[in-house]
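Letters A, B, C and D mark the chains as written, and numbering starts fresh at 1 in each.
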Amino acid sequence: MTQVENRHPSETLEINFGPQHPSTHGVFRMQMLLDGEKICSLKPVLGYLHRNHEQIAENITYAASMAYTDRLDYLNAMTNNFAYAIAVEKLAGIEVPERAEYIRVIMAELARLVNHITVIGFLLNDMGAFFTPLLYAFREREKILDIFEEVSGSRMMCNYFRFGGVKRDLTTENLTAIMQIVRRFPAFLEEFEALLTKNEILCMRCQNVGILPANLAVNSSITGPVLRASGVNYDIRKVDGYSIYKRFDFRIPLGEKGDVYDRYFVRILEMRESLKILYQALNKIPQGEFLNKKTLPFLKMPRNFKPAVGEAYGRIESPKGELGFYLVSDGTPQPWRYHVRAPSLINLTVLEDICIGQKVADAIIILGSIDIVLGETDR
Amino acid sequence: MTNFPSKRKSSGIKQWDHVYTSSVQNAPSHHWLKIFGAGALKGMVVTLKNFVTSYFRKPDQGGIFTVQYPEERYPEIENYRNLPFLVYDGSPDKVRCVACGICERECPPKCIYITMETDVAGKPVRKPAVFDIDYAVCMNCGICEEVCPFDSIFMDHVFEIASPRRIDTGMIRHQEDLLKSSEYLQKIRPKTATMIDEKKRAAEEKKKAVVKPPQGPTV
Amino acid sequence: MNMPPLLRDIEFAVDLSFVNAKGWILDLLSHIVPDWVVVFASIVISGVAILVLGPVIMMYLTLLERKLIGRIQNRYGPNRVGIWGLLQPIADGIKMFTKEDIVPVYADKVIHCLAPIVIVIPALMVFLVVPFGERMTAVNLNIGLLYFIAVSSITTIPIFMGSWGSRNKYSLLGGMRTAAQMISYEVPMTLSVVPVIMMSQSLSTNKIVLSQSGSYDMNWFIFTPWGIVGFIIFFLCAVAECNRPPFDLPEAESEIIAGFHTEYSGMKFALFYMAEYMNAFTLCGIAATLFLGGWQGPFLPSWIWFLGKTFVLICVMIWFRGTFPRFRVDQLMGFAWKFLLPLTLINILVAGLCHFISEKTGWIYSFIIFSISFWVLVRLNRPWMPEKRHYPLAN
Amino acid sequence: MDMLSLIIKFGIYGTMALALIAAIAVVTLRNLFHSALCLAAVLIATAMIYAAFHADFLAAAQILLYVGAVMTLIIFAIMLTEQLGSKTIRQTNRQNLAALAGLLVFVVILGRVIFKTPWPVTEKALASKVTVMELGKAFMGPYVFPFEVISIILIAALLGAVVIAKKDR
């Protein structure tokens, strides 16, 4: 990457961004060495939000961990649940009914919408737009969170997925409400884009800032919109085709340069693709069971749920990248090993590489565009 | 398949590619809006439009979506879960809970503490002597409600429980604070309560049906 | 203007009501006390008026800003204290007064405490030359405009004091940004005023306003080709001078937290804010004076015209804040030096040209000149221009 | 009116005293930043004295150029060399002799000016007010050549600064 060689011995300023800083998205610390406003070195310091997630999960039942996965990436509890459910279902070999799969996809894509608009709003906030894009994003987010609350009981900590299905069925009113959101969302996106996409200041700030080359991205195992913004066609929804994603007609937007602007715009386009998936899923959703009846006893008595000895890795394309759960069972009600492959943490590893040589203000928006949630990074 | 009334024309869904691609980005390059500064001006038009429409649009159509909390309240959603409470039938001494301790065992953050009541002779009675929930620890996951075989613990809708203290009268709730009547449950979660009542009635009828036949021959 | 004499009299009376009120008080005083006290009282009355006006304007500008931005963002804005939140500024004031006053341990205490006081002085001093209405300029200096530019340029020093005195690295970064920004934007701002001085042949704010009278008092400078460009440049520079978005780098809360006032709390912080809002008000007022005809305007009393124009400009500033993200440091400097500065120089030439040819041809010529120069400048500033990108949709 | 002129007089003398005290502080204070601030105070006080003697334009120009621009640059330089927020640099007065020589030269020049001025000042000289308009006319009229020369020199200096700054790249 671009290294700033010290041509002239100028005074550098060591500065701590965070853990209490308005735009580090939580308790994240960046130890920066500045030459004027240019970044000479940047060390991310993690662990301020460490909550022992994996160890806790190894000491409670499989079902009880579901509630804890909500707290990983607290912006999209739905996809976290999804990934965990897939991992456990692989481990125990549980079938998922058709309708449940559709509900899962609908919820996951709604979560993607929530995540992407929120991230773009916060990115603009980091850029100094005084909350306007963020609040427009929240206006739409509220509508989706209302749906989440109605179906799962909680706006953010959904705890909605169960092994072999979901907790509650979607009613017709829910489906109509989701359809309404899907119908109205493009208009909102148009408005949002009119405000942002062609704004000269945003273009000046974002274009050619924090370029992440494709080879570096692949080598650092970056996933998600950040990777796709660098032009690498890799989306687990397409690669694995998990759940029922193979049935839907959608495409993967790819970026050109891998800078902040591409990351921003790829997210916008991804939302549009998500809307496509939602539209198809809502039109095709069949009647039927929402939960595999065989797993019901396990849900009533989680202690009795003892998967056979073995291991499983379940992964999905969460809005932030590849979210995977690695589980090893030793035949007891508790997993013997429980590991989370958190996209936020792994995407964060390139932060120093793409920040060096940029300005302080750029580091902030690069961090914003990588889209981390500290709950997931520190676990 | 769920069929939706075709609102396509009115709601703006025309052709797929049209709707789901960004018209802003794909604007023709010779467009007059290409002038430097036009994008910023367009953004200003958007904010101005929102400023004006905030005065007369409805919340769900892009108007002001603030809920002025103490005066206005969000409509209560039945499935909303917040913190657990115990249900009694009729009078507070008829607690549904039998102190089996499943919820205590399954609670992920371990915020429930139960001991079983004993009668004078020291024999355990199917009733909780102590039933404490630490609301400060509870993470509102709703597992207790799910695992309870006796339909006695439910997630409440009350959220105004702020307290300056964590222990004592603060966030630790004892049995007497947790107990709420089944009418209350009926009020906040009509669907669930009706379902449970029906289940109970069915079970009772079944029991009667099962219990009666042996009674018959003896008489 | 063809108005019935009575109406004109009434308008005249309303127009000069403040001036007359002051005159009566002084008249009354002159019967009781010696002459020098009367002169003194005259100064005191104007001074007190300004000293009261400044903070009141600041208080209600904050409310206005919060309300407008709230509406832009589909919120209500403050509406709890008093009807429409009208008492909110007072509540804020009480809060500021009762807050703990924190001085960092390693701060340079004298300078740290002096900075917020010093920053208010130039902000108040510039009020002296703002023509609030007909005969309502506190001091009619014949170099009023120069005085305004000079005094408002002092503002950098207290910002330096605040940023250096609090011994905070974020403050220091903010202070450096301020210095760079203020010096840079002063240049195009001063140069954009030059055509106005050329046309009105005076530096006195009053005379500049008077030279914009004419039919219906609407012969404003903004209705000339050089005036419109000059006004836009002046206004952008004014936004930058009072550190408001999108030029709010010195206090960028998402980057360097709050820049030079990171370490300030309570009333000291409020003083910084007060200075900022008063600067915003005076800069808008001067922009209205220079290009929008100041208090000139038909039918309504002069001070209403002035305040109306000023508040429209302030609302535009708030609108900016509700819309734009922030520039980056290098872009900010580049915008001033590589874009605004050449444009101001061209503007001066155009103003000279317009002076010597008829109005219609002047419009045509200046339109051609401005479009060409705008195009050339945009070309020259290529590195920042938005790129057209293509996003393939893979399967 | 007697009282008024007395007040004005006191005001002017007070400003002069302030200027002097601040000037002394500039050289005696050990903290560079404080010295710089005192220098700003001196400059402002001088401008106030100019204004009191009806040299409005000079006063405004003084504030605009010296306080607004030059002082800002000085403080900017101090902040850049201050090891950025760590320990402050102490001011040292090692060039005593040079300073003394400079002072002597200054005194000689000042003395010459004082002796050359025809005391007492005539009423006519007092009455003539130099307005901005006249200044401008003078610049564009009799003094147009020196004015242009100075502008060329300034542009040359500007370009030189750019060249020096660019050399690094």
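Keep this in mind: contacts are C-beta pairs under 8 Å (C-beta built on N, C-alpha and C of every residue); 3 or more make two chains touch, one makes a residue touch a chain.
Quick caveat, the model's predicted, so the values are computed rather than measured.
More C-beta pairs touch across one of A-C and B-C than the other; that pair is A-C. Taking each chain's centre as the mean of its C-alpha atoms, the one that lies farthest from the centre of chain C is B. Per-chain CA centroids place chain A at a distance of 44 Å from chain C. Each chain gets a centre from the mean of its Cα atoms; for chain A and chain D, those two points are 61 Å apart.
The mean-CA centres of chain B and chain C are about 52 angstrom from one another, to the nearest whole unit. Distance from the chain A centre to the chain B centre is 24 Å, each centre being the mean of its Cα atoms. Shown for chain D are the residues that touch two or more other chains, namely 80, 84-85. Contacts with at least two other chains are made by residues 25, 36, 39-40, 43, 46-47, 50, 62, 65 of chain B. In chain C, the positions touching at least two other chains are 72-75, 169, 172, 322-324, 385-386, 389, 391. Contact residues on chain B toward chain A in their complex (touch as defined above): 1-2, 4, 7, 11-13, 16, 19-25, 27, 33, 36-40, 42-43, 45-47, 50, 60, 62, 65, 77, 79-81, 102, 105-108, 139-143, 146-147, 149, 155. Residues 34-36, 39-40, 108, 111, 141-143, 146-147, 149-151, 153-154, 156-157, 160-161, 163-164, 167-169, 172, 175-176, 179-180, 182-183, 186, 201-203 of chain C are the ones that touch chain D when the two sit in their complex.
Of all residues in chain D, those touching chain C in their complex are 1-4, 7, 31, 33-34, 37, 40, 44, 56-57, 59-64, 67-69, 71-73, 75-76, 79-80, 82, 84-85, 131-133.
Those residues of chain B lying in contact with chain C across their complex are 25, 29, 36, 39-40, 43-44, 46-48, 50-51, 54-55, 62-66, 68.
Per the touch definition, chain C reaches chain A in the complex via residues 69, 72-75, 169-170, 172-173, 245-246, 248-249, 252-257, 321-331, 384-387, 389-395.
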